[in-house]
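Once you scroll down, you'll see the structures, which are given as structure tokens.
You will see two complexes here that share subunit A, one where it goes with subunit B and one where it goes with subunit C.
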Partner chain A sequence: MTRRPGHREWVGQAALVVVSVVVLVPILGTVLVSVSPDASRGPLVGGVTADWYAMAWQLLGPKVGPTLGVTAAVLVGAVLVVLPLCHALARRLVPGGAVVRQVTMLPLAVPGVALGLALAASDPGLRSSGGLLVVGQLLIVVPFLVAGLVPPLADPDLVEAERVASTLGAGPTRRLLTVTLPAIRLPLAASLLIAAALSIGEFNLSFFVVPPAHQTAPFALYSAFTTQRLELGAAGSVLFGVALVPAAVTAALLARSSLSRKEHR
Partner chain B sequence: MPLAPRRTGWGGLLVALPALALLAWFLLRPLAGLVVDSVHLTRLGVRTPGLTLDNYRAVVIDAGLRGSLTTTVLLSVGVTVVTLVLCTPAALVLARSGPRLSAAVDAVLVFPLAFPGIVIGFFVIVLLGRNGLVSQTVEALTGEPGGRWAYTAGGLAAAYVYFCIPRVIGALRGAASTLDGELRNVAASLGASPARVAVTVTLPLLRAPLLAAAGVCMATSLGAYGTAATLSEGLRVLPLDVADALYNGGDQGLAAALSVVLALLAVLSLVLCTLGARLFDRPARRRPHEPVPGLLAAAAPTGAVR
Partner chain C sequence: MTTLQIPPTEASGPSVPVADALVLDGVGHRYGTTQAVADVSLRLAPGRVLALVGPSGCGKSTLLRLVAGLLTPSSGTVHLAGEDATRLRAERRRIGYVPQSYALFPHLSVRDNVAYGLASQKVPRAERPARVQEALELTRMTPYADRAPSQLSGGQRQRVALARALAVRPRVLLLDEPLSALDPQLREGMRRDLRGLLAAADCSTIIVTHDQAEALALADEVAVMRNGRLVQLDDVEGIWRRPVDPFVAEFVAGAATLPAVVVDGAARVDADWHLPLDDFGPAAPSARAALSDGTPCFVVVRPVGGASLHPASVAGARPAEVVDVEPRGSSWSLRVRLLPVGASTAERPELTVTSTDAHLPGRTLWVRLDPEGTSVHAAPPAPTTTSPHGDRGTARRSPTRGRRS
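Let's look at the complex of A and B:
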């Protein structure tokens, strides 16, 4: 292909560089601030310190258990409740499937604040136990599970394999464990990782339904932001990033490899 | 494609019932309750009988609320335009580039997707706050305090653009990679300038995905509570007023009405953009249920999570 180095190409490449810089600079800046003894005197003035990380960990550490507990409950709900729905939707067993799919997308369109307020008003009794928080976060991840799981579950090859297994006498449990789950393991893992990352960082909806006595990690981070110590908030943010980014990267890799696997067939 | 026989499901509809019950009881019922709350006045924390539109009227009459409604909408529109202008050329280049660059950019774009909205708001404070890195640099260069834009419209917009970037690039990049490069070459060989090729060939072909990306951007920005809360010393936006009405005013009715307005705006912008996209897309659309490939594309409609 003969490509003249034209004006347009240049614009696009410049835009790509700008986008990457815009995304990376705040992260690098935050890391820089988090290791500075006193950011108001300038970054790294007076050397490098880990003190802010120790303080941030004091704030966030106690929240790790409760946060992961909520996330684990959300993931269990995703597998036990939402995955069967995705399967039924993919097999077109749900009457009004198109309407149901639109309803599953509602938590994306309706802002988390609105949904959180609605849940807090409708079921205040479930709030103190944390049940409402789990339910709310499960709702938030439903659209991602449906978008990530229905297409692989609707794959004609899988439908055929399930049917063959069925005609050979495999019961539903056996089909699930030996045919369906192995076939969707990559998209399932990617969807669950996205769900975990969303659940760990969820703030908008959780703000209204979190049990006041058992707040999750984002709330501790938020209070670190309001202490006016820039370095403390920065250290907390980096700790959060260290927890979330690997999950997101792994999800991206899994989604990539499941796609390329499909293309190779 | 023939429909699978009923017995190849796992007990068919039965296993889907818990999820359907969950959606009905914890999604549709609370949202309906929200609408009901919004048409009742709250006095001393108790819902009064009698339907009224006073809560909605307040959004128009109350200067503060009207201000934050205007700010919210203008901010979301502005952020959407800026993000599209910035990301469209980037997505086009990305679609034409090799796998290595594309993987590297993927890795970069994971960050804005993974960080919660409050952290993205905090990024703006780190750079543009009172002791922010940019503020300090400006101060060192000019000798006067400056660059403290974190709590202005610009600061909020910067944070919103940050989390919109991966969503827009994710939505555009799949479509951009299917563009026929020959069309551009033909137009260029006929003497069209690069700018003219962009306006008359490339952009019209991308109308549908551009609209879809705009819808996602609008909906995400409208509901961005966490980001706005972190930067809440400055501008008022509608999600902040929801929390304020509930926790400082004890006014469930007003909070509900504001949420309904917010939800309607978000749903409306998504629906309008989707409809518009379908309209443009119709002739080219072959497989309507085909998912958009890639994680970023799958995660692109990340509306409510900020």
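Let's look at the complex of A and C:
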């Protein structure tokens, strides 16, 4: 005999349907517009075309290199600066760690525009090199890295494993490479993927600190919409989404796999 | 009567016999304002197994971490095989540490777990496989060498953790609650297993446990801690038969204790209850000498052999009310509360008595103490130093034993 869903399950399923509709309808609409010859006459009126995609790629293509370069720099910064910060926060090595942790969350609350303006004002010289863009995007990803990495780094099992490793003669570097990083590889990969996705798509803050030579993909998207052709912007958005969705899905799967491993240990 | 384990440190530094695997001298540790471990001194001879027991929060795990080098003492010194290791980092101490959770490295196979310390300590590559094999064979884990830790049972994980710790040939092996992560049904078998392993390894070992049965079964010597201080350190028989104070008797033997005073060669519990020292007192002359007239003492009544229950009054018996009954298979564990006799205003202590008969709570029975499991000991002297918890400051050995060499 199959069990009938309870009241709470119905509410949960209904919420899932609503959220799915809210997310999927705009995506479906964007796809339809992007393949329509003239969306002002209605979706798919006059057939289907890939021309907008070709034009969108002309705008986006040249930005792929700079975008990936900035993202790579952000990820390097995340590993070299944010990962040690997360370790220090997890192990309570930072005086006033709770306050520091709250401060790292501020970029979630402060508008990107405000952060961008503040950065641009703080060091105009650094702006031309693209360094400010990397610093700005690093600020944007810090809350996500802290949220994703501090809990696994604070895991008592990991702390105990590191202690055992030290009694077995492993110094700090060997412990990091052979115990800590393998233990957090899944949440680390998930966090870095999310950071990469955020960096690739970041526009609000970047708009104020980007030098012309380092304009990233979202700038091309912005240009596409400024042409007043909705179809071109939609095609650019779809291309953008196709590039980012796999990273976001992989990050989610890695995070889930990490949780499931922890439960089975 | 009080006997310190370690003589006070001389101005020229402590005299540390090279033969001792471990010497702690006045070791203390504070967490902020909390004194977790205070003034602990002990020696561990090579190949001996010492159980560190005490209630939760008494500082035993902290002491273990101080020995391992995972914490730095705020006072005192730690010597390992004659070397002053007080400020030595954990990775340089050559200690085998097996935590409660075993902390196997989940991404490494059993073999790689065991080999981890050898690589860390830069043992020549050619030598490592033989050392790993030796540790695996000792722990009977060879058939599981290529498995992942997640594919092992709790007992097997424990053996891998032991193999990993022993592979580096540690100066001291430290086991933190080694059996507590196992199901109760498995513990007895694993206890036997562990005892055999430790004997085969012939490694100086400290086992931290809050389970007195585990301590008595596995160790050559037992150190009892309370509120960060070492209360008594003795061999297994000494700690069982000659507790230095009621806390040790209650914690180690699960015994009940009754305060008493020596009057006319007997321990007087109250006006109508006297236990002759000839029957209940210590046999050793030095211990007996400590029980002179007027001396405060305490009576230890062990749950097995300490008292017998009778349905009617018999000579020397006291009335008691059954408070609680717990089945133990072929016998019953009864908690009985002594009833006042005549005008006695003494407290009404409770005793645990093992009986082959079940009795309902509320029933009145007669309890007679039996010298087989009841003994009288001189009460500890008034404290000379007081810890933040109000405890005595020095560990004592039972009065019939001298200072360890």
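Just so it is clear, the second predicted complex is superposed on the first by the 248 of 265 C-alpha atoms of A that agree within 3 Å, B and C clash if a C-alpha of one lies under 4 Å from a C-alpha of the other, contacts with A are read in each partner's own complex, and residues count from 1 in each chain.
One rule holds for everything that comes next: a contact is a pair of C-beta atoms (placed from the backbone, for glycine too) under 8 Å apart; a residue touches a chain by one contact, two chains touch by 3 or more.
Remember, it's a predicted structure, so these values are computed and weren't measured experimentally.
Asker: With subunit A superposed, do subunit B and subunit C clash or fit?
Answerer: fit
Asker: Which angle, in steps of 10°, is spanned at subunit A by subunit B and subunit C when each chain is reduced to its C-alpha centre?
Answerer: Between the subunit B and subunit C centres, as viewed from subunit A, the angle is 90 degrees.
Asker: Please work out whether A:W52 is in contact with subunit B alone, subunit C alone, both, or neither, and reply first, second, both or neither.
Answerer: Touch partners of A:W52: none, neither subunit B nor subunit C.
Asker: Examine A:S166 and indicate which partner it touches, taking first as subunit B and second as subunit C; both and neither are also allowed.
Answerer: both
Asker: Residues of subunit A touched: more by subunit B or subunit C?
Answerer: If we count touched residues of subunit A for both partners, the winner is B.
Asker: Touching A:V245 in the superposition: subunit B (first), subunit C (second), both, neither?
Answerer: First partner only, subunit B.
Asker: In the superposed arrangement, does A:D157 touch subunit B (first), subunit C (second), both or neither?
Answerer: second
Asker: Please work out how little space separates the C-alpha atoms of subunit B and subunit C at their nearest point after superposition, in whole Å.
Answerer: Superposed model gives a least subunit B-subunit C C-alpha distance of 5 Å.
Asker: In the superposed arrangement, what residues of subunit A touch both subunit B and subunit C?
Answerer: On subunit A, the overlap between the subunit B and subunit C contacts is residues 156, 163, 166.
Asker: Where on subunit A is subunit C touching in the complex?
Answerer: 156-157, 160-161, 163-171, 174, 178-179, 182-183, 261, 264-265
Asker: In the complex, go through subunit B and note every residue touching subunit A.
Answerer: Listed in rising order, the residues are 1, 3-13, 15-16, 18-20, 22-23, 26-31, 33-34, 37, 86-90, 92-94, 105-127, 129, 131-133, 136, 161-162, 165, 169, 181, 188, 193-195, 197-198, 219, 222-226, 229-230, 239, 242-243, 246, 252, 255-256, 259-260, 262-263, 266-267, 270, 289, 291, 293-296, 298-299, 301-306.
Asker: Mind listing the subunit A positions that touch subunit B in their complex?
Answerer: Residues 1, 4, 6-9, 11-16, 18-20, 22-27, 29-30, 32-33, 39-40, 42-43, 80-82, 84-85, 87-89, 91-95, 100, 103-115, 117-119, 121-123, 135-136, 138-140, 142-144, 147-148, 151, 154, 156, 159, 162-163, 166, 172, 175-176, 190, 194, 197-198, 201-205, 207-208, 218, 221-222, 225, 230, 233-234, 237, 240-241, 244-245, 247-249, 251-252, 255-256, 259 of subunit A touch subunit B in their complex.
Asker: How about subunit C: which of its residues touch subunit A in the complex?
Answerer: Where subunit C meets subunit A, its residues are 68-70, 89-99, 101, 103-107, 116-117, 120-122, 150, 164-165, 168, 174.
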